[in-house]
Every structure is written in C-alpha cells, then in structure tokens.
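Next come two complexes, and both contain chain A; in the first it sits with chain B, in the second with chain C.
Right, the complex of A and B next:
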C-alpha cells in the first residue's frame, strides 16, 4: 500500500494540472467571444467565430490534412507490417542494424527532415506535389507504426501460428487467416496514432508546403504569425474537441498511456 | 530453404526503400548542398567550399542564435525536470481511478497540435492577456509585463509542450519501484525526506535521465513554439534555417545551419550517454 499524498503534494498537483490545462481552456473560452478581438466572454456567448470558419480557407486546409494523414498512415502501416514480421519472426544477419535503421527517423529533428525533403523534392522535380509530402510524413510516422506492429506481434500467442503451419497452411495463408486477424486491433491503434501524428505535423511540412499542399497546422501557423484573432481560437477549440473525442475512443479500446508512450513532440 | 532465407530481407525491403529514398538520400543531398555557394546574382553554384561553415561557425549572429537555442533547451529541460519529477511521483502514489484520469489529462494534450497549444500561451501571455491581468490585479506587478517575445515566455510555453514526456518517462521508471521498500525504509526509522532521497530518487533516476534527453533534443530543435512566442526578435536555430530556405533563398547556408545543428545534437546526445553510463552505471543494472 503506497502512502497517500500530503496536502502540500495535492496543492502542487492542482497547480500542475492548472498549468497543463490553462492554455487549452483559455483557447476554448475565447472561441465563444461575441467580440471582434481576443477576450473571454463573460455575459454573452456567441458562435459567430465558429460560423466564420466555414467559407474560410481553413476548410480546404483541413481536408488536405485529412487526405495526407490518411494516405501517410496507410502507407506507413503497409510497409511496417512486413518489416515488423521480418524482424520479430526471423533471425538473420543484419537484423539489429535494420531495426535501428527503421527507428532512425526518431533521431533526426523534424526541421532537418523538412530541409532534406525540400531539397530532395526540388532536385527530382516533385515540388508542389502531395506525393513528396506524404512520403515525408511516412518517414516520420513509420517508427511508431513499426513499434505498434511489433508490440501486436509480440503480444500474440505463436502456438496458433505453429498449429496452422503444422496443419499444412502456407506462410501466406497463416499470415492472412491467423496472424493478421489477431494483430488487426493493434494495427488499427497504430494507424490512428500515425494519423494524428501526421495530421498535427508542422515543422517538416512548413518547409515543403505549397499552395496546393498547405495542411491545417501550416495554414494556422502562417495565420498566427500574422495576427491572432478569435477565429483561429475557434478552429483550435474545434480541434481540441476532436482530440477529446479521439481520446475517449482510444482510451476505451486500447488504454491511452500505452499508445502515447511512443509519440513524438514538436 | 534458400527462398526462406531471403524472406526477411524481402519483407523488409519496402520499408528500407522508403527510408533510403525519402530520408537517407535527402540527408546526403543536404550535406552536399551545404558545401555549395550562393549569391543573389548567380543563385546556387555547385562548387565545393567551406564558406557556409565559416559563416555559421564564425559569425556572431549565428553564435547568438545557437547560444540562445541551447540555453533555451537547457532551461526548458531544467524546469521540466523540476516540476515533472514531483508530479510523476504524486501520480505514482495516487489510487487507481485518479491515477489514470490525471495521466490522461497530462498526456492528452500530446494529441493536440503544437500550434494550438502555443496559441493558448500567446493568448495567456499577451500584453492584455490573463497572466498580466492576474499579476496586476493582485498587485504583484504595477504595469503589464512583456512575456511575448521573451525567453521567459518561450521557456514557459515549451515546458508546457514537452513536460508530458518527462512525467511519462519518470512515472514509467517509478512503476518498477516496490512500495514495500519505501515502507521498509520508513518502518526502520528513516524520515520521509531520507526515503525520497535514498530510495525514490535513485529509482527514478533512469527515467529522469531519459526524460531529460528527450525534452532537451525536442526543445533544441523546436520550431513552432519559439517561432510564435519568440518571433523573429528571438530567433532559434530552426527558425534561422527556415528563414534562409524560404525567405533569403540562400539554401546552401540554410543547409549548413541544419548540419551544424544535427552534429551539435548528436555530439551532445553521445556525450550525455557516455557521462550517464559512467556515473550511473549501478542505476542501470
């Protein structure tokens, strides 16, 4: 039995939680202001800034983010699953080096990856093309999809695979009919986390974003560096709402701590 | 069985190909680019020269930017450890429903874009923001202070963005702490402070060290938060690279900046690991 936290600890804890929540709560409050400037509504609340989002160029940016994130998460999963099977189920020369290579994007700051991608796209003539951006996102999120695929493979009972194999199923059949259905929930969690990671990515994307590939975080960043008004607060509030919804789903299905343990930062 | 021997390589091929084409090759291109020269009149010239490195390593302007970036990263790491470690211990001592609820509250913001979280700080820290209203209202400050475009503002906002990694890292290592050891210490007459210092802290050390490294590297290469809160007045390395690439169009110089950043960070990480392994060898056994 652990000892309970004393009053001093609880005061510290309350202050810490207030620190964590303060900026998010403030953004949500400002989003409901009826005024044309940043202010916390006291007597009157208004949805005018949420209405203003429709018809702004944030809506196309949102959809670009959704397409890019969906494509990047799917592609990352598609290449990670075979790689995870190779490294988890086989012993072969160069295995450790390969795993290290697959996780190496974690070591490179996003700003460096952004510069590299910009140079690469200019050299091969991919500028203003969503393909280059999507592949850049695949690089960033692949370590996470790989880790979750590895975790899913490590968590399953291998006896069922052996049983299927001993009953005459081919490798491909074992994978398709036994392994894949078992690891699918884990993969879905990995896809969702990769989607969020790609959807939120700014630092790399800002280097290569062209008018046709300006994602929502990039558009918001450009907007904020010019001026801050209640409309970006309204968009932010909507994104916070979306994140809370996702958290509720992920917590119910997977337990969020486990998923977030591998997520990256700024 | 030759076919099966090649199978793992075949399975790894797509991922290897993607990483090589879209990470390794572009990084090599940036390295080459950093040796080229640039003038407004001629654009990028593919000759080999160390001029960009001479400029980045020799110019006071870049010394200030690199110095500011690593000072910021160090300050953020220090503050994150100072508040994140006690919080992780408090979370560790909580009873089941509360523990997961508050972990969720602390980790949840990681799902929200850094731009959104930083926007919150821009609203809070502005001249007419809540923090100023509160401090002047309470009589702590006579006039509203300037937090935006200051190191203090950048540090506060970046600590907010990165402290969840510290809490998570420390909490994970505290989970391996057997509560019976703490109880034994107390029952043998150790004070609460002694138990914290002699039992809890050593157990948390791997988490603190790993968390510090994560926070430091992310802070040193952070872009969005310093750019929004610090602006152009307090440029950090990532922002300087952004300006060279997208405003001045001097790509070779921008490439040299990120190469120096990458080398500096790898040196720091490797050096840190060396020191940590030597000093805390017993912790990791």
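Right, the complex of A and C next:
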C-alpha cells in the first residue's frame, strides 16, 4: 500500500526536483542567446552558438571522448565478467578482499588517481598516449561494470546453469548459450553506466590528457578558464539533447529501467 | 548388481556433515523417494548423484560404472529442479531441444523427438511460447519434457512439486507417476512431503540428519517405521510409553498405564515406546480408558483427542454418517496387537 504525500512533502519534492532541473534549464536557455555573453534570451532566439560549435575543436574532442568511453567501457566489461563469475560462483580465500579491491576506485578521490596515474605513466612512457588515458578510465569505471555484472549473476538461478550442464553442455557452452544471454541486460546496463562515467570524467583526465587526447570535458574546462561566452552552454545543451535522444531510443528498444537495474533474465 | 549404487556417501560443509554416510541402491526402472525435513541431506545426496556436488567420500556408480571422474554433462542424467530452471531466453521447443543439440542429434530427428516429448507432457500447443508465458504447471511439464527427451539413464526430481498450488500438485503427482511408468525410467524423487513420497514411489527412504533412517516400500515404512522420528514424519502417530512385562520372539507383552496389551517388535530393557497410528485406534467396550477432549470434523473422518493415563491420544474414525461422540464422553480405546509397533528414539 502506498501512502499519499502530505502538502509539505509535495512542496519539498517539487523544490527538490526544481533544484536539480533549474541549472539544466538555464543552460539550455542561455544556449539560444544571440548575444556574445552569457544571458537568457529575452527578445530574440538564435542558433549562432550552435553553428559556432561546428568546425571548432570541440567536435574532435567529442569524438575522442566517445572513443575513449567506448573503449574503456568495453575493456572494463571484458575484465569484469570473468572477475564477477569468479567471485560470485566460487568460494576461495581472499574472495571478499578481491571484490573490495576491484571496487576500491570508487573510494579513491579522482584527483589522487590523476596525480598517481600521471607519475606512473611518465615512468612507463605512456603519456601523450590514448592507451594510457583509456587504461586510466578503465580503473575508474570498472566498479560500475563489475557491480552490475555481479548483480546480474546474483539474480540468476544457479540451477539454470546446472540444468544446461546436466543436458550435456560443457562449461564453456553453458556460459555461451545460457549464462551470457541471461546476464546480458545487466552487462549492457553496466557498459552504459561505465560509458557515461568515462565520458563525463574530468578530474582525473585533466592530469592525464595530452594535446592529442583532449576529451570533451577537458576541452570545455580549458575553454571556460579562458573565455566566458555561450559556446559552452550550447555544447551542454547539445549534450543534454543527445542524452535525451539516446535514452528515448534505449527505452523503446530495451526498457531503461531493466537496463539500469541490472536484472538478469526476466 | 543394482542399477544405481550409493555407498558410504559423505559430504561435509566445513566441519558440519550435510550427508553423513548414506547407502542405498536403486534398481533399473524403479522409483525411489528420498523423504525428509529440510536440511536432512536429501538434496545434497541428489546433487552428488548428478555430479554438481563433490562428495567428501563415498562411491556412486550407475550401471556398474563409477561416477567419481565423470563430469555432470557426461552422466546422462535428466533433472527437474524445484525452480524448474528453464532457459528464460528460449522457447519451449528450444528448451526441450537443448539437450538433443548438445548430443548432436540431427535436426529432423531432433524435431521429431521434441514433438514426441511435448506430446508426452501434453504441451504440443505451447511449443513456441517462452517460459514466462506459461503457468507453473506448464513450466514444470516443460522441465520434465526437457529432462526426458535426452533419454537419460536416470531421472532426478528435486522437490518438483513444491512451487505448485495444492490442486495442481495432486494432478502433477499422478501425471509424473504415470509418465515415469510409461517410459520406465529409473527415478529418484526428493521431497519433504510424505504424501507425495508414499503416493509416487516404489520405495521410500526417510532421511534425517544426513542419514537414511528407514527404507522400504511405502506401506511397510508407514506401518513399521522403526523409529520415533520416522513414525512422526510419515504421517501422524501416537507415541506411548510402555513397561515390558514378558517377551516372546517378535512379540512383547506390555503394560500401558496399567492396561495389559500386546505389541510387535523387539526391545531390550524394561521400558519402551509404542507407535500406534490414529486410524488404527477404535472405540470399544474394553481397553485403555479415556475421556473425549475434542472432536474435529475433517469431511471424510472425525478426529478425536482423547485424554488417557498414558497421555493424550489422537483417534481418527471414518465418517459413517452418524453423530460423533460428545466431548467429555468416557470411552475405551483398543487396537489390534499388529498395529502397535515398538519404535526407538
């Protein structure tokens, strides 16, 4: 049974939602200003700043972000699935410690990671290298892919795998034909969260990114330290639009809740 | 030599034994039921036979072949799990065909066998559905078809009825029993439901604390339980303390609260415990005196609670249309000597 909210609670919820949404709304409004400075358009709308994005170096930075995020999320997933199976299915000494270790990047401040990675990559000669940046992102986003892979495996009936085994399937076939299809929604959810985390990552990336591997958040950060104009607002509005579009597509194709709740099977 | 042999099976989890020395054999085509409360080791025994749990010690052999080094996917055993464990991303047909695919059965032959199996469980009309589009009973039949289609040497049923509602459960018991007879497959059923075990199996093994307490044909185990645990677990019983007066081979003369009776069984010492089934106790002119405490109507039977010097006894009498005895009535309880069995704790 659900209880109805009282008027006070309703006001609180409304204020809370407004607080979350207001900055986004303001950014989107500012993006349409015809002026050369940050302002909410009052008399006239303009696509001037959106046009300015085109041909700027924000576009390559966007693509670098997409490549880095896709590569890092995929790599993190590839590492997470065997790790999740090992820790969810088998009992061995140090199992808990291993899970805690894999999830520990959540606890370490990104600034610290950034400094550490910068030093480390300088030592091993990975600076000015997309590979180094991707590996750094893998460290940060791996907790997300691992968590969702673990949740998907935990939500799965162990007996389904046993049934497949008793019917004659080898361990590898059981994984390929039964386990993987069942946990796939969970894995997809993990990949998506990891992608978003990586795409969004600024704090650590600022330390590690080099001129050849400037991601979009880093480029935007650099830009607003030198300029104050509505260009960044336009990019933000474009990103918000893109995110809404992607979510709508995924909702249609898959069901967003199912994807992000990380549930296995039905 | 028996078809399935389980000898000295032991499984420890840490230091606690889940299965603590289990021995039994199952003949080809026989239906054995492992019955016991949860945690008695019956499911562990079943999964050890299937190969998913590695025994701490003991031997399992199917058709004379030791199974220790045989992986679960090479044992040719069909299993129906409590959760049915259907593949949610496959249709009914794909579920049933999976085992044949693994055995590289040619596509045409595969289709025929799947169709036959679905017909056997009366699900031919649901071939293209997904498991979640089926009811519990239908899902269970898919699981059964999937286990049978591979023509296994052994069929293992792990509490297959416990997630069905009562009416469906009754139907499925009879149906599974019929199918088992028809395909004449060696079967082991694990259950905590005594009615199910008695109704379906050729032989029942009652398990408690990792051991088999009693094994035999259902009516024998029911009539001659041997231990207080078994008699209590297999239906309702009256346990009565008695003093031993005289002994003859297989028979005892006893005193129950001053009344002399006879019983079957052997016992040492001066005191023993008797088990008498409520349906074997009758009201008579002579016997153990008592007073009717309560009377409950159960449709086909009346259930009386009678207070006696030997404690409160339960008496079940068939409903023959007449009025029951009134609460407070003075009665005498009597039973045939063959109905009183010596049990050990």
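Everything below uses one rule, namely that the second predicted complex is superposed on the first by the 240 of 266 C-alpha atoms of A that agree within 3 Å, B and C clash if a C-alpha of one lies under 4 Å from a C-alpha of the other, contacts with A are read in each partner's own complex, and residues count from 1 in each chain.
We take it that contacts are C-beta pairs under 8 Å (C-beta built on N, C-alpha and C of every residue); 3 or more make two chains touch, one makes a residue touch a chain.
The model shown is predicted, which means the values in this text are computed figures rather than measured ones.
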Joint occupancy of chain A by chain B and chain C, clash or fit: fit
Touched partner set for A:8, first chain B, second chain C, both or neither: neither
Which of chain B and chain C A:97 touches, first, second, both or neither: neither
Most chain A residues touched (candidates chain B, chain C): B
Spatial angle chain C-chain A-chain B, Cα centroids [nearest 10 degrees]: 100
Partner chain in contact with A:172 - chain B first, chain C second, else both or neither: neither
Superposition-derived minimum Cα distance between chain C and chain B (Å): 9
Chain B and chain C contact sites that coincide on chain A, given as residue numbers: 265-266
Partner chain B, residues of chain A touching it in the complex: 1-5, 9-10, 12-13, 16-17, 19-24, 26-27, 30, 38, 40, 75, 78-80, 82-83, 85-87, 89-90, 92, 95, 98, 101-102, 104-105, 107-113, 115-120, 123, 135-136, 138-139, 142, 146, 171, 196, 199-200, 202-203, 206-207, 216-217, 220-221, 224-225, 228, 232-233, 236, 239-240, 243-244, 246-247, 251, 256-257, 260-261, 263-266
Chain A residues within the chain C interface of the complex: 157, 159-160, 162-170, 173, 177-178, 181-182, 265-266
Contact footprint of chain A on chain C as seen in their complex: 47, 50, 52, 72-79, 81-83, 85-89, 98-99, 102-103, 131-132, 143, 146-147, 150
List of chain B residues in touch with chain A within their complex: 5, 7-9, 11-12, 14-16, 18-19, 21-23, 25-27, 29-30, 33, 83, 86-87, 90, 92-94, 100, 102-124, 126, 128, 130, 157-158, 160-165, 168, 172, 179, 182-183, 186, 214, 217-225, 227-228, 231, 237-238, 241-242, 245-246, 251, 254-255, 258, 261-262, 265-266
